[in-house]
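Below is a structure I'd like to ask you about.
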């Protein structure tokens, strides 16, 4: 049994969001779902849905002033000038930086690796149907609700928070960090999700795969078709796919409920990974996961 | 209460979030769903799920530095020391301030009015089932996804963004502001939502009413029951209610789809209110709504 | 309070219904679902949906002539003159009397206890949306169908029939009776229902809780709002809640089907409590329940 | 406009139930769903689930003492000695008598006509799966809930109450009665139900047809198979059919909700037939129906 | 372990289809779902939806030229001149012949037995709603899709392919053939299907029973009613029943997924019967089934 | 390319199937759904699921002997030796030939055009999950059922039969044929399907798009992954996508039912295109479609 010794100081997690992706709205809440964690301080600064260079330049310094031990930059397109500038500044300041983004960022991965920046690229976090004829605040919120359900129920949010939790643990142990290099596609759900029922897993994979195909439709609708007769049906189709994927992901979780085998991984007050399966059970320290975090470190 | 700058400049919307409620994760996105709005700048600072006085004191100044024309403070319990301090400072700085919160804030309304602070109190934005035996990051995210769906599909998010849009319009017109005084309960859905089909409205009301009854269960589970045998079934029950409410709210919207009468109210690039019903239609400037905003002002 | 005749004779159960609640239409059938029970005779007299003093005075003597060993008076509002008169007469005649009603009767409990009258108060048996603009015979029947499904699938009907069966068993054993004192709320479902799957139980609790919140809406709609524009959406909302609660309760039972663990508690020909879980199993005498019934008696 | 002149005295409706069918539990409530009808008095006497000659002989006089203008005898098998005796006595007493029953009564129709007794035979009101290994009070209640939903949503309950309302109207007009001769099969739903959407009607017909095929399975299960391995799957199958039929009937009604065309036919305080389609509309006197009732009479 | 020794030559399966039933479109694919079977050659000739004598006389010789070891004739009405002629010729040519048909063929069974022709009569394979006002190619395809789902998910397709596989095995062993004599009704599902969960079986039985009642409606609609006002609702009703039966059959299979107990019986490359339950398991040779096939043979 | 015989004679449609795709099992039935068409004779020869050169060489001559005016060759992979040989022979014999296939054939289109062969390539007709650990006859049938539902309900089957009907019409008019050149992707559903409700169309597009993404998963599972731990979840995922797509396509059609606007295009006895929308309406000759068929011809 390895005991988790919290360094007396809290680990400071800075989050900078410019523009929105499905992982953004709840990201910092994933790290401290019960608001009882003593080992971290979280601070987020965002520019809302905008991601221009001007906005970023104005807002980014606020998160630097927080002096984060780990900085997470979330943006739908990390390659454009705004988020790129933020990343640049962070690297210059030698801050441990992780970029979180969607499929668009896949082609940047080798650049990020060269920059020494970690990344979490979520292929099932799709481009929204951003056409004024279709997207209003309510439709935007519904889409985000659906994508959040997909990312939560398929286990993607767990992969994300555990990867960040791993880094936090390492920071607390005061060891050299290996930043996240995580590309989450349908095969990741197959290999890393926690479903006990294999059909629940198959449904979760299907939900995630459907979500990951939405950008095909929305890219065409948002950037290629000029005629509203052409693009409105496309964005509507894409959002129906999102709704369907959410329903299917929910069904996958329901199946695990039917055999009382829903995995739960809350954080302890100290920020340790806990785990449980049966609803009426108490969560327990997940020793094997914690060891794995350290072991992977020792490899380095 | 101070009046505001020339309409040529952008209206600056500051958002401060400490702790989470269902309206928080997407709030600033509701104001600029297409990221094309030229008339506003939005800046958000949050402390994650924490709302202690210490956290707030450290973080709140960052949003003040932004010098917002309108400040929205979002918190699950505006009465406790952290958010109360933020509000206090804002009032002292004569900033136009709106508190956004859930049912807990209902009893503070007259105090807020005395302070000259606006409020948006959403009774259907319920307390989460914050018990470590049940709530992990995934369950937290699912709950938020469900509540967002309820708030979006029942029209609550529209009420909220239009109320803020009204204030922005007034700021742009450089007139005296009447800050929001909005308490959203089941009857509000009846009187203010935009369903054409009366059964869709009835289902939306039912969804919202169910959501608004979740705190009864979760308050008992989180603060009164000590034995996990007692509180686990309660929090599980509460989250099933949330899931059900989300499904019902989605069904309400589906009914409007079936008669092609879903209301959409996107923002124009200038931030004007647009409106449309038929999917293949183009949105048009909502003149009557805009006039109503001004008229209500002239009354004052 | 009088004790009862030899176990050779049948126990006579009299039922008097004036007005309707969700437990009323099937009550006597719950006691003898297979029509094969040799130990009881059941007689019911009702005034239909009316509960005026005049109607009750005319009809009630018919059930007295039956000389019941146990009298169950079912009414939506036991406090008004009609049912109150019936109860009064029953008490004067020293008949073992149980009042069965809905949430309205909650405030009468101490009075009933003083009168020496037993009670079964079902909080999840809600007021119907009694507005002529909405309620016709079909809508009334659908509402009752939905509430019956909630009361059946959540286990409330089992609680009720077992409580009456307990009294019958005691009457057959010729011992002193402890009349039912049963208030069934959401917590009762948690503590007394028979689900093996904890998520099935959580869904059943949610269904029952939703049903128990219908009166909030219908009371407003039936007694407070005067304008049909106001009250029609409310009663429609309330009945959507009932339909939803029924669907959710059905789903709770389906989950138990999925693991072949639906509890069944038929009556033997002798009226004994039987029990079984697996569908293909034969029911067996529920010795522990029967003992508990007697033991609780010996305590007294 | 024909005015409805209530005779000063109320029409007395007696109901005698021995044994249960799907139309029984709610029958008298269908006649006065709002409990506000001034033109009728209803009195019901039942023997619970039993229908033996002994029980009937004891209980039936109580309803005779009520001196009903119209007597409705409800029983699952009007041919057996108990209900047959009741009918015999009613005929001897020259009481206007209607037998209400299920498919079993189909073969008795010509006998009933010879006796001068009216009938309402509901083919979609099926035999329950009365096997102790399967049927307990909860399963019985669920089955009844499902059948009620089928009978309500497909319009059968409307056919029944309007037929009785017709007789009441005639009694009030003090004219010669033509007693009901109503056999309700799938074709009746096609020709007499009130769906505006033809697919809703097709689904309602399907629901009713499925319900009407349940007795094939349950007759085999209850009376022909001796081995529990054989009959348990049959009764379980039959009750799944009932649940499915209920869900489909509900869907049929939902379709009418989606176009806001649900027919509602409440009773006025005077007992007149009212009618409406749009939810927010007020019900109006159904003149054409009332005329039809009288005209059919004048033919006679 | 009995080894399956494939005779060096392949068994030749000829299929002749004239007109369509639900088992027809996929029949030959059921025998070789992976297209890897080395022990059989399959050849099919069809006349499309026509079944006239003329068409059959022209087309049938083509399948005779194939010189099948086993001939399967599929037709919705084997008694009419076309398929009857085909059967006659096959018998004259002493070909092992099996007739596959729907309920219409039930009355021909003794004739088929006299002719020495095997049969597979599927009562749940219903007459389509063949009215031009309703049935177009799309509706026809949907109906077939639904019936296929019923026949697949309830296990009927398994009963069929295993019966043919049995004959193939016998042909390969070069022994005397006992041709299929299979009448598949609801009781067959009860006794021969492979569900582990008894409620899944009950739902499958219900689905199949509903499918088997469709011809009652469609026979009336297609052959008895002349007026489109009468027959359109009937065919629409019948197809709703088919859709519902398909949904229910799917649900039955879903339940088996929930406990990871879906039976799978693929063919090996040699055409042997394999079997498995758990999804992640490998299929194994089904020795007991194979023995049973031989044993039944030795009886003969 | 040869022109065709007098319109007095029937047009002969030959169909050759080797291997299976989703359009294959019902193809010839789409042309004559009521089996009453006087203007065509259809003959199909298939090799079952096999598509080897040997099988094709043996079977293909049978369809040539039929001397078809139009030959449709259906195969999952027209490029491999078997179907390629069939096509070659057809071309050599100067037969009007159309290849029908799935996405695999997309890359062959220019070759087919050079050969003078028509094509119908259906991108939403996906590769099955052909792994013995997963695919048995029942799973194969369910997959086909689901794909058929997608192709029927989204309107793809209509596009196909109308394209063939167009060629038949031209053959009957004795004019030069323009063979089909039809590639059906998601955009085709947008532009060519017949939904009146735009959300129904969006759902149909989503269903079809999901179906068209199944091959990504199944190609990986069937041809790239070697380990059953890897490929079983993939094929299971792919089939869940198929089931989901079927459910969604069904929902799209349901929406059209709700507004009674389901398009139906039956064939008249003469084979003419008929059309109708309202269920209770009679179908009428679709003059505009027929003219369009001719006009397109005159262009040529």
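In order of appearance the chains are A, B, C, D, E and F, and numbering begins at 1 in each one.
By definition in this document, a residue touches a chain if its C-beta (ideal position, glycine included) is under 8 Å from a C-beta of that chain, and two chains touch if they have at least 3 such contacts.
Being a predicted model, the structure only gives us computed values, none of them experimental.
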Shared touching partners of chain A and chain F are B, E
Smallest number of contact steps required from chain A to reach chain D: 2
What chain lies farthest away from chain C once each centre is taken as the mean of the Cα atoms? F
Which of the two pairs, A-E or D-E, is linked by more C-beta contacts? D-E
Among B-C, B-F or A-F, which pair gives essentially the same interface as D-F, with more than half of the residue-number contact pairs in common? B-F
Same or different: do the copies chain B and chain C touch each other through matching residue numbers, with over half of them shared? same
How many Å are there between the centre of chain B and the centre of chain E, using C-alpha atoms for each centre? 59
Rounded to the nearest Å, the gap between Cα centres of chain A and chain C is 50
Between chain C and chain E, what's the gap in Å when you average each chain's C-alpha atoms? 50
Could you work out how far the Cα centre of chain E sits from that of chain F, in whole Å? 23
Per-residue multi-chain contacts in chain A, two or more chains: 198-199, 232, 236, 258-259, 279-280
Listing every touching pair of chains gives A-B, A-C, A-E, A-F, B-C, B-D, B-F, C-D, C-E, D-E, D-F, E-F
For chain D, which residues are in contact with chain C within the complex? 13, 19-20, 25-26, 28-36, 41-51, 55, 59, 62, 65, 130, 132-142, 144-146, 148-149, 151-153, 155, 157-158, 161, 228-229, 232, 236, 243, 246, 250, 253, 264-268, 274, 276, 279-283
Over in the complex, which chain C residues touch chain B? Could you list them? 186, 190, 198-199, 201-203, 205-206, 209-210, 213, 216-217, 230, 232-234, 236-241, 244, 248
Per the touch rule, the chain D residues reaching chain B in their complex are 257-260, 262, 278-280
State the interface residues of chain E toward chain C in the complex, per the touch definition above. 197-199, 255, 258-259
